[in-house]
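Multiple structures are listed underneath, in structure tokens.
Two complexes are shown next, each including chain A; its partner changes from chain B in the first to chain C in the second.
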Partner chain A sequence: MSRRLTARSISRRTLLAGTAAGATIALTRFPTPAIAQAAPFKLGLLTVKTGPLAQGGIQMEQGVLTYLKEKNYTMGGRKVDFVSADTGGNPAGAKTKAQELVERDKVDVILGPLAAFELYAINGYIQQQKMPTLSLAAADNLTQRQPNPYLLRASATSSQAMQPMGHYAATELKLKRVVTIVEDFAFGYEQMGGFQAAFQKDGGCVVNKLWPPIVTPDYTPYIAQISGCDGVCQGFAGSNPLRFMKQYATAGLKYPVVTGETGADDALLKSYGDEAIGLVSACPYTLDLDSDGNNRFVSEMLKNYNTVPGFYAAGLYINCEVVDAGLQGAGGDASDKQKFMAALKAVSLTDTPRGPIKFDHLNNVIGNIYIRRIGREGAKYGLKLWNKTIKTYENVSQFWVWPEQEFLAHPVYSRDYPPLTKC
Partner chain B sequence: MTGRRIAIVVAIIGLVIVPYVITEVYYVNIASQILLYAIFALGLNVLVGYAGLVSLGHAGLFGVASYAVAYLLAAGFGHAVAIPAAIGIGLLATAVFAALALRASGISFIMITLALGEIIWGLAYRWISVTHGDNGINVTTRPAPFGLPLSSARGFYDATLIIFLLAVASSAIFVRSPLGAALCGTRDQPRRMNALGFHVWMIRFMAFMFSGLLTSISGILFVYYNEFISPQALALTASAEGLLMVISGGAGTLLGPVVGAALVVIVKNVVSGLRFTVLSPMGFADLVKFVLNGLFQHWNFLLGAIFVAIVVFMPEGLVPGSVRLARAAWRTANRSKSARPAAAAPPAPVAEQKR
Partner chain C sequence: MTFWLLLTVNSVTFGGLLFLLSAGFSLIFGLMRIPNLTHGSMFMVGAYLGSTFLGGALGFTLDFWAAAIISALEVAVLGALMERLLLRRLAGQQLAQVLVTLGVSFMVADLCLMGWGGDPISVSTPAGLGGFVRVGLAVFPLYRMAVIGIAVVFAIALWLMLERTRLGAMIRAGVDDPQMARVVGIRVSRLFTIVFGLGAGLAGFAGMIGAPILSVYPGLDQDMLPLALVVVILGGTGSLLGSFLGSIVVGFIYNFGQALLPELAYFVLFLPMVLVLVLRPQGLFGGRLL
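Up next is the complex of A and B:
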């Protein structure tokens, strides 16, 4: 009965077309195991949605959601189940939420967390659980002297962008004597360590290093100590660069200022005023990059959230691209963590929003670093100021120009390393 | 009395079988966290509830023991050395804390403890050669007392439960002892106690030391639970959170801080991760789910709202407040019954004596 019904309702032509279409799909579709097909791929995000770090944390989630929407919630041919967890920006919260993602939600990969101390808090745990983790946290040593085989960093180490900045400041800006100023925490130490090492290698001299606490209502006492130099390097993060630059200009100082990825983040451009004009920064991502990958990302961000993306959103979008490509490389199968991790490490992309990326053997990214200068020229998307790219350092590794052995023989960059020397 | 004993036995059995009822590792870990913070809150409660001294620096004491154990383990000492040494260091810090803070009471006491807590936070943050600053210290192993490893969630829960029960029992003994009674006396009438020949300062000092002991123990458990310590655990918000646990549950009761700790840990860790699936053409149920999702996502708003509700409806805290409401309900029920002559029920048993 049913056969007769089928036979009558489907004409020969439809049948032919259907077979052809089916065959095409079957042949072109990625060969994925049947089990993996049935269950969705589980993507977990550790971010910060409450507390002082929330601004960056919310951008992180927007970056992920933008990618998922663009790909219609599929990665490597599998449906994606997305779980987002709020760590509250503290290590104990990060640990509990990582457990939630791994043990309760059984995710296949973790994106995040944001801050270095959060990553340190879950570092042992993700290693023990063999959980592939793509973090935005910049803590140098986790891809250097204490590498974690399950951690992959597609953003940058703290010093990765500052080392080219040191080179640029010495060779192109021709600065000789620089005072550095940055918040008194690990991200700051590692940024300025990288700047100092590269700057002094090319003949510059860091004459003083200033470390205001993270919460400093007034930078004036620190700005008053800036003297005997011809340039300033600041490495502030969050909303601190806005306040610093304002007070720096108010104090009447005219030395050129250079900074890293957080000091002139594109997401800050709408809040900066004229005081930021001329600020030179080094960043792994730049809004100014005119490539298909970046234009698509920026227009989706504007469409979805009506906001101009910065480094945090771009970083997570790129992490998603890496996961997608890695999952494809593993044939859609993430169940064998070791194989999946190997597939993720082997990813090399040519058109991410930050340009081409690949990974070194310690799981850290090798990619472009853009030197930009803030000005009015070329401003888009309703912004008044614009980070204009003035130089691109291609395929920068975390070791900059030093051989890996030599770089790793030094202690990690800290408050006291490299030491201040007379020069 | 017997009814109370039965309740205690039932509660202990209930706590022991928790990991057998909720087998999922994640929730066993949450239960461990509740017990760990309950010990911290019990310690703080000795001061806040029984001595009437509000401390805003207890996370600092918590941190001293945490950092001590983490530092000693990282330096290569065994657990058998690190744990007693950390308790010793915690007690030493408590003695210094107490000696300085007990020069005052009331608001000045709050300010001094706040300042001391911030000093310890600052040390953890800036004394980088010892504490590794912002990056914290990793602890890689948990101890294995009597050959029972605590590395599994269940093993850790059992160990925490034993310590928790000891903490509750010792708190109960302390509160019911003559010293505990004298402590309540110094809270209510310090000058009269002084006139009666009690050494008010010494009584408060002893209470502070006991509080410090419980706090240090919870700090050590915290390090073993997270296998990590960094300055955020010592921040002012952590002290305030402990205080909220005590006050929301009911200061000056044994059960209150435990309930408060459970409330804070559950909202912070479990509720914040809950999400309902909302279907796109919204019915009434979906609308409710949508609103709840928003609340869960902004869990600190939810926690704040709960605290406000507690302050409005049960200013004495959840545990005494519920007892009061239950008693009121019992009385209303009795009154309607007392119209009939034979139904003279005994008064409701009081689960928690205020003092």
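Up next is the complex of A and C:
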């Protein structure tokens, strides 16, 4: 289901010409910029356009297309040939489509995929193919204990926003005892691990951790287990947060709720009702950010798709900014993967929709994390609810406040780490 | 104590919703022997249509109940059309029926994604039922109590229809012995269309009734279909009483299983189904239509 959006015939022809003139392959070892710049730069996207994850996946593609439109389909001085592939939101699909992008479409860089288990599925392959990949997915360890030199993450690790959330919950919301609840999969474990570690560091205590299956039409049996606490941390993704917040309110619970980037994504605001008022979230992107970079992005999204962007669209738009800047840094030449990767890593931007970003030596982003609270005040773009920024943590790294070595000495956040302790 | 009460109330409510969903499935399978894998899709389409009517798609805003009934009627028509145009040609070929209904369910899922986008739709609880009653420590959400009431009303209405009306008598005759029913002059083929439409309409109605609890989102069909299957296998196909009791049993297993043995939530849910299939394939209450 991969789809070419521009220059289908050109890409075919280049491909044919490339294979016919097999001798020139030897020449590409010593690329001359003139040749490299003549061919279009090939941008591949792994996204999800069917099934339950499609909402985020469609936003991802809209983020890319918004950037390309704005730049008139050029990056680093070269024409861009964009190929979008639908993985169907599963690991096998991600692997197949990654292979298609690399071997058939010969892309220069891959954006995506969406989900952590998809990234884990293609990680070995992109490393072996030396394919620069700018992931949205947040599989912590791939920029930590098992770094992949060809993976660059401009979004966030799963725990990157949850760690400041833990700090905020303990120090500003003054929560003491929290029950966590999130889907039973890697993204959930890593989010709650980060929350627990940071929350307990600042004196809080996680009293119970609940893990409903990804498919849970009715959360009430889990909500019934929430007790003995003064706050709840949920980390649901996709359409699940909507259902959870509603059933939570219906069960008559009143403890304050905090969440990460997916639980109160700005793209969900139009679907949420009053039950979400008061929900506090930590997110690397906020619609509320009043900066030139963000205002331009939001108005383009509204113009192109008449939709309010959330983290998924912003994440991919920012990935495009990084690729553009990296390609410029490499003089428009992406043929030497190592050099191109080094140029991408060196990118430092000051005015992306999420504010300034740069990368650490393990290829993960350092950027702001915004703490927001849902309310009616300040709502724009026809929305009834609004995520109002109440605090900004600047230049947050994946290691939060811990020194890198101390952080990496612990096992990766999981279902059992940090363990539940009596407190 | 609150914990047990909340779970018990929720088990019965969820059972009520499951009954609305699975009664139609059970009737269709009982009469026509068609394992209708689009049943989850009918549920989802009902919810999508209903939420669209609520939003004023017809030029005016309908109230919740009107939206539920109109979407149920539309889904019933879709179901009847599907029976006439597709399934009629595959009479007696169960494998083909499974494959066709499965295929249609995928197509419906994609069409819904195209039509309504991927964003989840939140349906607010109908006016007057938004709150809850507190009795001591226990909380009884009004809407969920209403769902129980609706399920009971439908159970009784279906029972009366099957037991006391001419149509019901014809359906019973068709379930017991389709050939003999034809011989005595019952137009079994028309009966099939009616029952399929009725079953689909019930599923669509259940979708809208479930929407304030579950919300509407891509994938809702695949979330609900296995639950309907478990109910029908436990209760026995073609048995109204079986569907009703099966729904309540599954409601309890689902709620208490997830609360007490969260690690084994699916195991606990599907184990009874496996046991029934192996030990009592006709279902706990199978073989009788009531």
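Heads up, the rule we're going with is that the second predicted complex is superposed on the first by the 391 of 423 C-alpha atoms of A that agree within 3 Å, B and C clash if a C-alpha of one lies under 4 Å from a C-alpha of the other, contacts with A are read in each partner's own complex, and residues count from 1 in each chain.
One rule holds for everything that comes next: a contact is a pair of C-beta atoms (placed from the backbone, for glycine too) under 8 Å apart; a residue touches a chain by one contact, two chains touch by 3 or more.
All values reported here derive from a predicted model rather than from experimental measurement.
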Overlay on chain A: chain C relative to chain B, clash or fit: fit
Partner chain(s) touched by A:243 [first = chain B, second = chain C, both, neither]: second
First (chain B), second (chain C), both or neither touched by A:394: neither
A:336 touches, of chain B and chain C: first, second, both or neither? neither
Touched partner set for A:103, first chain B, second chain C, both or neither: first
Partner chain(s) touched by A:86 [first = chain B, second = chain C, both, neither]: first
Touched partner set for A:186, first chain B, second chain C, both or neither: first
First (chain B), second (chain C), both or neither touched by A:251: second
Partner chain(s) touched by A:202 [first = chain B, second = chain C, both, neither]: neither
Partner chain in contact with A:271 - chain B first, chain C second, else both or neither: second
After superposition on chain A, the shortest CA separation from chain B to chain C (Å): 5
Contacts on chain A seen with chain B and repeated with chain C across the two complexes: 50
Sites on chain A touched by chain C in the complex: 50-52, 54-58, 210-213, 215-218, 220-225, 227, 238-239, 242-243, 246-247, 250-252, 267-268, 270-273
Chain A - residues contacting chain B, complex: 49-50, 85-86, 88-93, 95-97, 99-100, 103-104, 116-117, 120-121, 123-125, 139, 184-187, 414-415
Complex contacts: residues of chain C adjacent to chain A: 2-3, 6-7, 10, 14, 109-110, 113, 117-122, 124, 132, 134, 139, 141, 143-144, 212-215, 217-220, 222-224, 227, 254-259, 262, 265-266
In the complex with chain A, residue positions of chain B that touch it: 24-27, 29-30, 33, 126, 128, 133-136, 138, 140, 222, 226-230, 232-233, 268-269, 272-273, 297-300
